[in-house]
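Notes for the one structure printed next.
Labels for the chains are A, B, C, D, E and F, by order of writing; each one numbers its residues from 1.
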């Protein structure tokens, strides 16, 4: 496939107007406050033996997320490592769940603790029971609760993701001062959201080809992937719900989180990506507030971006910022 | 596209073994009993003027469905017609809702009353709030509650559909002795289910290219459409949930409803249909108990089957059975 | 699919130069004069009973079209309505014919008379015997008679459509002062042509995603649909017939009819429509002469545009202009 | 793509029942008699210079075909060759015309005369004016006149092709005792038809991946190509015209011509051909009457069969049968 | 996509005749003898630091393969583990190379040593300089040297793979008595080949959806993937090289290696896999000589088979056979 | 498909900056010098009888190409023609070889000698033994030797093509003062390269939809065809090899050859060509040095451009320039 939207030069300058709703900060403050007020305990069960692992210690974690509901996560760390360890919190791509811990062996092999956060409803282990009153929520999660920011699925999921960072303090041997949030696609959008919400509590953010950015443009240019769910929905509702839909999405837009995020940031973008078009990634990148800001460009890649090259690139970038684990 | 599975001769003989679960009848008796026990009133609001209609009287109906929850429906009838009128109850195709009453003008023009039953979650006006604890319910409704027949979406939807027939008695001017149930695709599967559940209360059933039939075979041959949701789900769960999945679906299978249904029946099947493969339609047809049984074969059609020719064909068939409205 | 061509703002300003041939008006005057000179009677056969309809009176009509040849139409009206009734004349999409009257129940239910005009050659009931001497007329109707405006298929079809309006005067109970012409896709192009040809005899025109507009641009941007027939033809004839081809099409171009049409007009356009790209629709819209001019924009729709929402929208718009039937 | 229908062994045995209509021979005798009775002159204009050719002499021929109408052909022969020369009469694939003589240089280079016969309506130079009264003849030629064998397009085209053989006698320097008919796809079906109609006047027939064979099976298995036009037509007419359609096609079926053809025959078949499925080719081959019968099998080819290898293969086969031109 | 070829029952019985060439064993004995005769040293460079890994020790290995040429491999083992360790030798899928060691962290985390063997020409680090005299080797590796078993690419690659097992003895800390060979797709075919060649030196073999099996059938049913390269090649050479091509491939066919392999074996197969159709996998499985033979069936999977579930399944199966590493 | 990149007007002005490497001329001088220094004889074997041709004399030629390796070619000329004849040297499209001489009958029929030059590796008869040390050369020839201009496949192929012109002098009866080089797609790129390398020894050049032009842009806009091989390669190497890749391709770019070529030139371009996008063709055209420069534009064609119309167009253009053969 050819270039998705613009060439590299034009993208570097692409910074569209995108004001956040006036009560954006209040909305999220209230959302997090309410979730925290629900309380709930962080639980961890040692499952290393079940997976027959030798070099990695694995805990099957449940932490309280949105509405205090238990959210599943895997906690992996190098076996026998003395802490406190820097922690990589990983959020997941669209419609993937946390899977098995054996699918997440990179960061612990590199000496980090890693918390892999399940996506409610999308993975095996974390139900998303609440779904509000809306209907015609076909085809997945993008239109689940599209009628209001209060009800939208990603409000709940972002809350879970922020609460995952809260949970780090309750897990022994982790260094809450060195929390890195990351993920690809939906996971990248979630990492960006958490960085925008939690400020200095996030030591670094690494969103790779992030989804959930610049919705108003994304629905007009994405040729594939979950932005298309919104197009399909709006097709049936274009007489009466377009503005309401975007009003909801404005509370979930990575551009608005970027306008608030200050942690050192390493973005990734693929110029032939029809799922998360580069213009939408640059829209967030070019609004990002933090000054330690790097873009990894994959000029010929589609949505698979850097594949296996991405984690070592991130590892190197973290080390340059003093976030490597001690030997 | 060529023939989907078998030629016409082989299909006519295709009657695979397909025993229903031993407690199938008990399950459904309990399900309907519980729904009816919830009670709830049937409400109808006259909306003819809102739609500027002259020859049709339209009511916006809410009747109590699963768990007593209000289900939306349109009731259309010829304006000024003296009742009691025979009633066509129409169920809808996958991911369509009741839409506007102006999209359903055939049966009232032919002198019938018609009740168009919304599909919970799929249409605008009927939420499906309950979704149980399961996860990985991506891509729509087929895997919503797949963990058990208690929780499956189609248990709730079939219950709504049966309760729609109950509601007829509460709507003035309708003849509860002449209730015809019909629909295409998902609507056909629902009509078949209702015929299997309500016995002689259904005067005739007309399932066109019915979905929800012979799941164990359907997932192996369907090349397109919602049976593929099950394949995608089973792909990720084939180590541990295949039998549980089919055990759930066995309670929803049109073959098993056909094994109990006795009303005069007019099926439709399209031999080049990759969505509801003909073998799955014949599996239900060849198990159908009732003896007044007709198959309309569209040998060159895909899932659109007879298009605009289907309703007049059904009208004629009903008249031959004494189910025409009086002039 | 993403946006087909331009964004909403640019489309609103898109008004390309497109001069009609100098003898455009003479060509069409002569064409209509010749057709009318052929005479021929309008015939109507009552077929209500055949279709078992109760609320609608249906006539199977033949009226004289191009060359005086009989053109089939359905005339539907509310049973028992006293006239004279306002009339909606409906033209059809590409390669559809008038089908069955039971497929056209909206306007009569709303109190209008409706005349559904068959498309010669495309439907069951109206042959297009004449096809001139040209060859390589593969793939349908766009290149049938492409060698000259005299011979082109759409000259004959447009003439039929204009003559359908003439026929209204010969059908009892219709109000020739309230004739509305409409249609989608090809039907929209035909409605626009009739509005351009018949001036004040048309009380309103409602072209939805009209085809047959701005051919010179359409062949360069349409990704699907019958404009592609022209591309396929020109591919084989690009050495010698490009200009002749467009010279022929200039006599059939909706932009040129729009430059002459004055009736109140309600257009529809879909911004993700690869069949009738929005730029071609706006080219006609922005050249439209009449001042009572409305565009319904479906920003996320493909060629199916507003689906079932379109007729109620049109009904409302007509009522606002005093064109509602009496109660 | 995998194998289209059967493996090689099963194909070799595939000989389905396929009785010709009882008046098949009478129909065609009358058809040819009427065409011949129309008379008409064979004309040839020397155009070698226009195409700047040195080694080939080219005539632009018009011969009388169906209804005596002039059919275009190119006659190519080696420049300066003394006759009488054996003649290869070439019929063309679907929707190709005779094109330019420079696209047909093989047989004259090999010492033969070649007559390339235009397909009425499909090429530039031979109109097909008559098209009868039928309608819904969308998408090309397969359904043009489908209502009866009298009116079907291929009745006219086959007549042209037979009359092309008649015309050989009127062209100087050709040996009417050594006429070979050939073609690929539609051209192969036409060659087979001519061999079945003209008996011993044809010295050899070489149908490559012939179209127009075993229609009743072809419409059920062809995945692509013009057999699909019939499927699309029958989809809309499956209630009332299936048998009439096949009754028409029975007069045009290569299987029935094969049941009458006796000339030495070289067929070609491609086992991965979705356009002219191998089962349909073998159906004709296995019914072929003549005993000098060869099949060239391309086990891995699609509809392009042997590409550039086919003509040398045919040349060799002709030489083995004493049909090589003299040096 | 529906089932690729047969249902589960028929597959379980599918054991087609497939005799190996009479000199198959001699061919391979000579091939391995010659490679070993070339000698060459095994070299290993410690690169753990370069990849910033903590729990894994990584060596960048070069061992002598075909013609003594250096073949790249990664050797990973748990850091600080005392040997000798059981070793998993991993071969790679088509057109993947060994990539980065960080993409292969499973087996070392489970306490094994793992040797990841680069595929010559396909990966970054191992050229395939020799390519013989053949031409038309388009589209990759399947037709590189197709003219004879001596020259075929996979002769060289299989030799590399067998020599990788030889190399284990030269790497310190590994237990040459517990060598397990495995891989998916091409890697599965290679593992099977090594098991067939090296007999008891292989302690277990785990081919997942193996490629390179039952070529004569595979080319007729594979709908996608590298078997299609052979179809494309044979399309152009079907007149003269079909038998030569299969004669070459007979020396590389997994069915023939299975007829010689005795190690405990765990196969994987996906019933909706168009790349390595299940019939070809069962052809090898049902010919396998060894008696400790297990098939993991993924009934709804395509070529991605069990995804992340496969390695834990294999780990468990190895443990049951006493091949788990010591704690 | 719609227009590939720009409209006709913009293309006519499209002349991007594209400086050749500073040592471009030296590189190629050295390359040709070395090839010529290898010497080698031109051999021709008369094969007319083998192909049973009458009007054409055919020689199976081997001439020394890159590294003195024998390159296959067909030499065709009108039988009995007295020389010296003007010669058309034809280069071939991607992954086609010279095939059979019977596939190349146009130019000899028009009185020219024609030399059809095999493409090493791509055709049957000319191996490309050398392939250097690079790896990951999947999918054909574009990345074979991509590591340096020294090693790239097209360096060898272009050298063969230039040496084909040298060989003309060694073949009797040909006029080395009237050598025309031509080809389509890859053949067009090769013809352009030879024109740039050999200056006045080329009497005319006719590149049709040339490939190998303006690589840096081509990889960003080509939607299909072999430029995509480069995209696939760069996807995996975008961290470290992008600039090296383009540095290699700069030595093979038709834009740079055009900057040196002076012979009269007839280009062809297709505006709907996704394989060789029109912008890349115009980039070479608008940099072409020679002043007798013509573009044939096929505004509605895809990569098949003018099909059978191209050779007569070229024939005419040559005649206008005094390059017609004598009668």
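The definition used in the following text is that contacts are C-beta pairs under 8 Å (C-beta built on N, C-alpha and C of every residue); 3 or more make two chains touch, one makes a residue touch a chain.
This structure is a prediction, so every number in the text was calculated from the model and none was measured.
Counted as hops between touching chains, the shortest connection from subunit A to subunit D is 2.
With every chain reduced to the mean of its CA atoms, the largest distance from subunit E is reached by C.
Per-chain Cα centroids separate subunit D from subunit F by 37 Å. Averaged Cα coordinates give subunit E a centre that lies 40 Å from the centre of subunit F. A separation of 51 Å divides the Cα centre of subunit D from that of subunit E. With centres defined as mean CA coordinates, subunit E is found 64 Å away from subunit C.
Within subunit E, residues 309 each touch two or more of the remaining chains. Interface of subunit A with subunit F (complex): residues 1-3, 7, 272, 298-302, 306-307, 309, 313.
Looking at the complex, you find that subunit B touches subunit E at residues 219-223, 231-232, 234-236, 238-239, 242. Of all the residues in subunit A, the ones that touch subunit E in their complex are 51-56, 78-79, 81, 99-100, 102-103, 105-106, 108-111, 308-309, 311-312, 315-316, 319, 324-325, 327.
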